[in-house]
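Just below sit the structures, each encoded as structure tokens.
Common to both upcoming complexes is chain A, partnered first by chain B, then by chain C.
Take a look at the complex of A and B:
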């Protein structure tokens, strides 16, 4: 390493990384900064920070005066949280069955469930819509929850079973000798040990659900079931000239994912290292 | 041989996941494939065999749009492979260099675009590239390159590439994370041995690390392929369902949406929609098979 100055190399590495970090964050910066400025300032100096003269919350007051926005927010939250809970619970249960027990068809079942990692659920949209129409579930949050649970399960089962194979057999057998049922072993011994993996799965599952536009557009476009992603898309269309409102709406839409991402980001890399790449 | 008792708990553990997955994903998928073999004649569903596919590939009214969308989709994928994945590898290689300060910060920041919704991404880039509000023209002006600016999203020859690059910007975090994880899992002994033999720096990356992360690059390539041939949202939010200008950014996802739901004066057609979905299924299946049988088996995996 000492042959070509390591200092120069470190500086070069930082330069490239800082440059790319700026590229990555710049658009977010543009949205958030301009959402706090008056309309005139947005157009005059899009890159300037808001100062005493240009600071204006008119965008936020417009958005918040629209009651719908809270409704959209709530819909997104319900859909994401319920689907996430379903994916984590059912995914962990199936992963436990596949990794813990030897039974006929185990490998086949694993492959069957893994199929959904490669084949996107969107390709079945035509029939999913027909099914939801037949079941009277169009324009309900239930339809979205069912679809997202199914969509998230394959990857969850795959990652979680990789992790559950690493849980020590001695522990589980000790539990069995103590007379714990298989269910108790799963819920009280195994689940707490795979919590880091659950966090990884949670991030990977949550982001596409929160951000999805396709299924809300097709299965639940009604006013009372719009998610925040679809809601902001429609909002942009309606308020196309009210830039303050659009920028504030987008800033508000960024917050929840950003918070969750920052909470889970430490787990993310650990999860990837141990699971998906193997 | 005594029969073992039925272990009901295995069924209980598997049932919820398998039921939901089968009912919501697998059955509709096959129902959609099946639907592509039917058509409507006088409001009655009639078996049509492969007629829909003949229409899609042969009838000039359909085939022109289809081949256009497929070609655009292929270009979209190619841009990702040539830009997104090399940048991802480069960033991961830099991040994994030992004793790099602030690595966690860079990693977190560069992944931020990936968590944003397409609505936000599409809108903000439209703003930045807009000739009217124009952050991009202003910035080019500052470095004296204003003459280079054109409304990239509005010009037929640039729009698709511009959107592909926006998508690259959004998703570069994924290859970066996966490659980074793969680089971290290379044991120190291997790298120390290389250093003893005088293999350092760039040549160490090319000769030691790159061969070891090839399986991860393979996984990323197939994930990119599946994601790209199933993309829809970014094009829809940036250019609308008509994928303008003049269908220059139309890809299979937007084509499927228009066909299935209809647009303007054309009515939605579930059977042709299912036919397009089946074609997409075929394309993705071919890609996945090439990966599983040709690429993955030839990549050597190293167990440490």
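Take a look at the complex of A and C:
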């Protein structure tokens, strides 16, 4: 590849990519850097790296001293992981049904399931809140998990059904002749083959859930169900904002989602279907 | 090991019938090849036997048991697919063992069966490789192995060799035939390649547009094709089929271009008839005036080494390349386009077909 394209083009391409990377990483960089500085240093020179003089862990100590912070973390993780599992499992199953079986209204059903991509779930907030109140689910993590699973499904069904259509019919038929049940075909043949697509869906589903402030604020603002994004808000006051704590909390919040991302991104790259069929 | 009986099997897709009633009784240990051009319904028919397509009407019985409504796994069959359909994330060993594992066979027996099949197919060195690390021929053998280990009532093979290169295909063809003879499992094999069909089959089903045009042994199909389609499909190059007219005295045929061939035909004087003759039943003579020699103009010559095929036209008759007469010549024949050739037809090997139906009409001798 590099041998074919002239050096100039390679440099130009990399320049664009590097510029984009810098722009994308800049806010994160500022947050992380400033979380290690004293309050005075944050305001004096926001872009400066922490040095011996300005280095201060006061933000982190504040955050960690706040006893329920681990609770927030745990809540966020539970909500994200369980919703993600729900989205992947039910999304993949729906996608398999849509791509594999011929039934009346198949296309219509596919469109219906994909409709959610175009309509933001927040439009239904009031109705969702009423529903949760009626169901007694307000201030529970279950409420958040249900909403996030619903929110993630349309995109998951849409992407996964496209990928599942590409899985060779002969492969599934070979499984049928080998005596596999439809569930086994789904779990042992099709799912491993669409793993890269599953990882893509996982990443796109996970990040908005982790970062969401809206639904935790509305559906589960109680102390014991606060998520990390909502929890960080305690440091933002109407009159005074504890920037050290906010920035430290946000820096900490990046870590789990990054770990999850690293797990999935390995799958993103792996082209496992190579050699499946000629 | 089993008999497979198809009785008036039909298939429709939303009202459009694509298989128009196929019946055949396949004996135990028989190797039957379904051959036909693409889109003739041969794969659909095979998939109906496998249980991957529903049967619209008619019955399919394996070993005397009607399997119309049985799932593929309940039919005791194994199938080899054109693109092999190996499980890409499993090793060769796992690929072969998976079906047995699902059926709950004890591990020791699975291991033994896999070892035996691997030995038969010379797959031992590759047992722990993934399919992507194998060549096309090796993958094909794994696909065969996966079928073999199950020791099913019947093998169903859907164009298993068409993804291989020509040399490997010949090799695998022999291997499949040999394997089938050894294990004696009833086999149903689909191909579009008539050479494969001729060499492998105990019996052939020639299909065209959803109809089984002829079911018979390869040699009988070659010698007595039932329709013009079969005549043109089986044999390479294809049989020449000429629109002729019986001469008024009934003793000969007027060929396109006006030449008269002394050959009694099974039709009344003055009637049109299709006259079929294979390239190998036409002899080229250099000198004109031989008894019954007919003059032809050479359009093109294809030299294959041992043989050469001259594509010819009748002088004074406009002929497109597709309807050219093909004459087999020795490989060293030095003929050029535009030259004349005198051909003697072996009228004893002629075939006659009804121009209206395309069906064979028996020689009236």
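To be clear about the criterion, the second predicted complex is superposed on the first by the 229 of 278 C-alpha atoms of A that agree within 3 Å, B and C clash if a C-alpha of one lies under 4 Å from a C-alpha of the other, contacts with A are read in each partner's own complex, and residues count from 1 in each chain.
In this text, a contact is a pair of C-beta atoms (placed from the backbone, for glycine too) under 8 Å apart; a residue touches a chain by one contact, two chains touch by 3 or more.
Please read these numbers as outputs of a predicted model, since none were measured by experiment.
Touch criterion met: A:171 reaches chain C, while chain B stays clear of it.
Considering which of chain B and chain C touches more of chain A, the answer is B. By the document's definition of touching, of the two partners only chain C reaches A:193; chain B does not. Of the two partner chains placed by superposition, only chain C is touched by A:184; chain B is not. In the superposition on chain A, contact of A:59 is made with neither chain B nor chain C.
Touched by chain B in one complex and by chain C in the other are residues 272-273, 276-277 of chain A. Chain C makes touch with chain A in their complex at residues 47, 50-52, 71-73, 77-79, 81-89, 98-99, 102-103, 130-134, 136, 139, 146, 150, 163.
On the side of chain A, the complex with chain C involves touching residues 168, 170-171, 173-180, 184, 189, 192-193, 272-278. Taken in their complex, chain B has these residues touching chain A: 7, 9-10, 12-14, 16-18, 20-21, 23-29, 31-32, 35, 87, 90-91, 94-95, 97, 100, 102, 105-121, 123-125, 127-128, 133-135, 138, 169, 172-173, 177-178, 180-182, 184-185, 195, 200-201, 215-216, 219, 222, 226, 230, 232-233, 236-237, 253, 256, 260-261, 270, 273-274, 277-278, 280-281, 284-285, 288. Those residues of chain A that touch chain B in the complex are listed here as 1, 3-4, 9-10, 13-14, 16-18, 20-21, 23-25, 27-28, 30-31, 42-43, 46-47, 86, 89-91, 93-94, 96-98, 101, 103, 109, 113, 115-116, 118-128, 130-131, 146-147, 149-151, 153-154, 157, 181-183, 186, 207, 210-214, 218, 229, 232-233, 236, 246, 250, 253-254, 257-258, 261-262, 265, 268-269, 272-273, 276-277.
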